[in-house]
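Following this message is one structure expressed as structure tokens.
Chain naming follows the written order as A, B, C and D, and within any one chain the residues start at number 1.
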């Protein structure tokens, strides 16, 4: 068990994060980070109960001390030289309001969750990914989750779009710096409603009109397995019925 | 044999097209179209010799009569209702010249090869892809091959970039029209030198500095297998050392 | 009169083209090209009647012979070394149809009007613009008119978007090649309905909801007057009420 | 004097900000904000000495208290209902380092200067711009200054690009929300080295190879004068010799 490669996934709730954890847990030990254990406990238990290995750590990615503490806990449990994948999937910062009703904190929270959080996570992950290049079967991989708001600043989405644009800038910069060093950095555009418990209420009269978190997870695994000759940086995922 | 699904691949030489044909031939019968039989004969023989089924048709995609004749030949050999994938990978139109040295024909050839050729191919493929929706295990798929020049009109590339920009517009329009009908339309950005016999002379001092045609082909198959809840429209592929 | 600088404007009807002609005619002699004299006769007469100098030539920009004949006529009337501005504003190719109802000619016409036409016009204009660098008060300027469809291939707009994407690629390539030689190449995105006689029927309940052709013309003149230290390549123009 | 319209310009040093102040001061009273009076004193004195009206306020835009205090000072000096233009041109956050050498503060400073600063400035400016719609000759205008890093996250520019991407998201969102209310929101891409005292050392062997701050200022004034039928949201400005 101790010899398995390790994937660290930040931002795990009942949706995409849990699916990514399940997918990577088929081959790797997974460490999942979330603000509240309620978010990761179910998937951690499920993975461990079914023969995989998962470990959850309560973490606030927007707080560098919390991120540092989380990586210290990982170091106490796992050989850090085997971390071959890191996924930044943190939510937070999604508020929809007319601009003049946004509070200063609404805006700074979006930047903290999406941009500063991704910075904190990348600063601790990248040294590990560089170290595992020899060990890893596939090029070590760092994936960031984007959204429609990564490409378009819509009315009433000033805060979230600012965070998501910043996150994409960070991902591009890291891809250009660490790609040539053999680390695969990617960014995905999740363009549509994800089919998770929280969105059940958003009933849709059509079948298959929401993104499947398992299919998103499959695509993250696919990115991870690409050889360094042929890295994808970015792709956009949406349901067949989505307007764009 | 006759019951296998069918993939049609336009633009098959010794590189990406051949790799796509080999990849899809693991599960499907493949029909390959190219201007000259020299381009497709080797891969057709290789596939047939190794237990697959491949069929080559001399076709000039920029000429609608030639495309129509090719699809008539396909109809004579295969049940058209089983065409579940179509790939437009045609080359042509790549000329690098100062603008005032470009001939009218240099420019019109790029449009004819890339844009009009893709139009001709899509007009014959899409009705078949719509028809195979019930039959196909995966959503029927139409993929177009783009390039660096799909996103950037560089100096001295006016002709090729015009063709590739037009091709991307076509792909976007078809994705928006046929996605909601259950056909997966995608466009890839191949950003770098592909590792094929013709580029061997472009020696590169670094290992793995060229795109692997087999890895490109894997990504096309991956696109084909995505469920309709989670279609990727576009991704960019490049070697880890590529500047971008 | 003979000593005035000259602007050549391709694509002049009762809307934007006529406004551009009027604007440039305040300082320059203008030559206007259109498929039919009915399109340019009114503005030519108006300019000449009010003390300016305008000259119309029946031209099909998609036909290089017709473009060559037009430039020969210009040479017979004007000193070519004084051509300091050229604007490609040709319409054509705008057809809105489901893809499978598009004819081969619908598609090829869009490429011919927008892309090949711009190629023909640029090949004859650029040598003149290079020649006038010493003479011209402002950097000689070549402007291409784009549209919403230059950036987005919408459903049912495959033909027009292909033409407009190709035109943008051409403009980018020329800007990168001829900018460093001192010719200002620009591309505009006209995103909205233009307020011209033909669109009066498209009544809009809001005031000022359509683009003003005179304001578009002002922006073209503004581009022309920019110094070479500070060239704009592209901007987007839309009415304040436009959704985008 | 008291009846003049007012422009507020945040981010005024010896370069672009000073040129914008001079340009707008030809018609308006100008209020200039900067972190240090050394930055704005010369241009304030110059404008006041030459018959214009300028007023400088020491402001840290990244601190909402400081921004609020600045607007309170403006209110004590000027009729707020006459504020017809606001320009966010603040620098800050430009640090070029390998990612693993960036400090947490390097990154948060870039977000604070560019994104949170623009948020603070826009929240105080927009109510004034909405109020001046009847009074203003031109549609009230809010312009944000972007950079190459607004569109591309280059290696070693993770912090600055994150800030500039976020700023562009904010600008887009505000344009979509306040454009339909008659306020013109724009974003410019300044792509190249600006010709200011600080960049003199960056000698360039070619003439005119740097952006002219006065020409940039002209373009901001041009944006301000556009009618609401024909708003530009974004343009890119670069020297004729710039590679892009």
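Following the convention adopted for this analysis, a residue touches a chain if its C-beta (ideal position, glycine included) is under 8 Å from a C-beta of that chain, and two chains touch if they have at least 3 such contacts.
The structure presented is a predicted model; accordingly, all values stated were derived computationally and were not measured.
Peer 1: Enter the angle, 0 to 180° in steps of 5, of the rotation superposing CA atoms of chain A on those of chain D.
Peer 2: 180
Peer 1: Have a look at C-D versus B-C and report the one with more C-beta pairs in contact.
Peer 2: B-C
Peer 1: Which chain lies the greatest distance away from chain B when centres are computed from Cα atoms alone?
Peer 2: The chain farthest from chain B, judged by C-alpha centres, is D.
Peer 1: Measuring from the mean C-alpha position of chain B to the mean C-alpha position of chain C, what distance in angstrom results?
Peer 2: 34
Peer 1: With chain centres defined as C-alpha means, what is the inter-centre distance between chain C and chain D in Å?
Peer 2: Using C-alpha averages as centres, the distance is 32 Å.
Peer 1: What positions in chain D touch 2 or more of the other chains?
Peer 2: Residues 176.
Peer 1: Going by the contact rule set out above, which residues of chain C touch chain B in the complex?
Peer 2: Residue list for chain C touching chain B: 64, 98-100, 102, 104, 107-108, 111, 115-116, 119-120, 122-123, 126-127, 149, 152-158, 161-174, 176-178.
Peer 1: Sort out for me which residues of chain B touch chain A in the complex.
Peer 2: Going by the criterion above, the answer is residues 139, 176, 179-180, 182, 184, 195, 208-212, 215-216, 219, 222, 226-242, 244.
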